[in-house]
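Take a look at these structures.
What follows is a pair of complexes built around subunit A, which joins subunit B in one and subunit C in the other.
Take a look at the complex of A and B:
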């Protein structure tokens, strides 16, 4: 119900009458109900002042900034109201103890592989894909034998290679997959994967901030400095489930085409229109709900991410053992 | 739940009520707001409105428990206020 808004054009975001107003470049002012806003994503050049930020803070609204190319730059996040030193200590102890860390890291990859297989089954033609699904299962079976994080990462990399290899069976309408390239992406599909992942990371971060978890302490990825690596961990589960299925939908239903990409000396980026289409699809997906088996009520995909964080907390404080989300339909 | 709120209040208080409702819902037309809202927030919104209005003013609330049950038809110019992009 609470919504995300995307500022693609330039303008001014201001506080007036205890709510938000967006004044665009032509001077047209539009009110935004603050109580209905969850995240604000800024892609254009937007002016703002501190009294606006105070308002965001008092309503727990997060503001995320992206650069010219659509890559994540940073966020303004209200003072953390949910803090628990106990949980952070427990979270760290699960990284310190190799056995415990391996358990959680393994769960992330297993869930990711489960969703990759699900995508292949869903979007591929039956005769072509069975070998890919089999190879993925064979790789995933090695997870139980892995004894170190680098080994797990290796298996994850192999799984992803197989998964990307199967893309040509799933893409319709003359789209060809070659290889994965980032920084910068060399073709439209890679551009979409990169853009999608960066949106996914912020979505996960914004949900983690609502819990007591520390986003810098991670299990599968190394907890290094300078990044929120727990987002990368949790996003592993949701990248194939949410981002990739959006990409397949956009391509196969011809909702996105070559003309929605900008090419500059071999670098490919989504154009403004392409970005809008992608974000609209992303927002639609995150808002959509399904009946949750355990909770016995409808939950949205966005809330599902937070549930994953809650499950991790429960695991770490010794309540219930962590079982990652695996789509069952 | 989905609500439509219409109000008819004394001239002096129109602006105050409008500003308050802008915090919670989307403005559709003069004296009309609509949007999805939770029970808790609606209660809070109405409590705040009560402080701004007198007994002579009237505020009507139309509640639709299932937002999917509502169909909105617009004749003439559609000024869609609920927007994803700006």
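Take a look at the complex of A and C:
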């Protein structure tokens, strides 16, 4: 099983012969097993050169960069090995045709809501759970009647409002949810949501890149020139399933505390130590496995994202109709 | 339509795999068994010339004098291996070159000789026709075979969702 490497500190990534080394600021050199690496995430200031990138390319390793605040900046992605013009044409046709586009976009939201309800059921205080779940179901029922993408987005927004409203019944230890704020986040919970979404987004990107899907052609989100918007679509499914449950676990088990955040004029970010803790939990979760009902073997959460991409390909080429992942346990 | 040797092999094995592979939807790159095959391919008969290109599509493993060799991990798909070899011999004959074929299974210390006779030629021409019509159609439905589990396409083919869990 390949894994992700997270580099919090600064230093130099270098190639010596056919091995990758990380030299830290003290000049200490440590080899990184490139054969076992899937993605390298860089949070600190790291020097590198093209010969190192060639090495990454020959092993299909992706390199992702995050800025000072932990927001995603960009990636170095090796030449795509999997290409199928046929599939890209099919994928586009599913955006072009409004009915087809609505079908796929709706599935993403339905799965997202399913996982939001699952979180509430799992972490929520008993007396409040059923009312939140009921309200979410009522909103989600309107998805079938929506006729345009903005209508779908509206319903998705309402569901998210209800879901965030339920956070106070899921958080223990005096943590209070106020409201969602991004770029910049105003409190620790928002800081974690934003950071988690960044990481989830690149995880989805790296899995999509291993398939023939084109990450710029999306359904729920508008295909724009700036972002790999298909990642945003697919991340809808996995944000509540993976990222949010990590946040609840970190908070409720006191694995992350106020001291793991930096405050700057009311703007809140995870500190280096906070990020380390979050990433460790994220990596642990992505590596953990469960028994897949159809494949009848253990699959990791990371691989689950790839399987979702496979199902989309099947849908687009007229193989089998897409049904989104809905955790059943 | 240009058909490669591997597509002839897939034709004998699984129409669905052939169709997907032909559309560029392949899963070979990350599959351990496929990588094992590539390593074997590199190591076996290292003294011989490898990868002889017939045209921009078709490459033959090795040509050793009068013999075309193809190296495989296991003889389990012998009928498919045979068809692939017949196809190479057929392509060579079309270019005026007469060769014999030899399938090598180094792990089993076994070889199988193949010759292109009139019957084989007919078989290949029939297969080319079937492949052409198959590829112009819709993706073939999933049919479970005994060897699905070992296939690089298994996860793609079998992933799905059961009817809505509440």
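The working rule: the second predicted complex is superposed on the first by the 329 of 329 C-alpha atoms of A that agree within 3 Å, B and C clash if a C-alpha of one lies under 4 Å from a C-alpha of the other, contacts with A are read in each partner's own complex, and residues count from 1 in each chain.
Throughout what follows, a residue touches a chain if its C-beta (ideal position, glycine included) is under 8 Å from a C-beta of that chain, and two chains touch if they have at least 3 such contacts.
As the structure is a computational prediction, the values presented were derived from the model and not from experiment.
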| item | value |
| --- | --- |
| Which superposed partner A:212 touches (first subunit B, second subunit C, both, neither) | second |
| Touched partner set for A:79, first subunit B, second subunit C, both or neither | neither |
| Touching partner for A:295 - first (subunit B), second (subunit C), both, neither | second |
| Subunit B versus subunit C as contact partner of A:8, first or second or both or neither | first |
| Contacts of A:31 with subunit B and subunit C, given as first, second, both or neither | first |
| Touched partner set for A:320, first subunit B, second subunit C, both or neither | second |
| Subunit B versus subunit C as contact partner of A:176, first or second or both or neither | neither |
| Touching residues (chain side subunit B, partner subunit A) in the complex | 19, 22-27, 35-38, 41, 45, 81-86 |
| Residues of subunit A that touch subunit C when the two form their complex | 81-87, 210, 212, 292-295, 307, 310-311, 313-314, 317-320, 323-326, 328 |
| Residue ranges of subunit C touching subunit A (in the complex, touch as defined) | 23-26, 29-30, 138-139, 154-156, 158-162, 164-165 |
| Residues of subunit A touching subunit B in the complex | 1, 3-9, 11, 17-19, 22, 24, 30-31, 33-36, 276, 279-280, 283 |
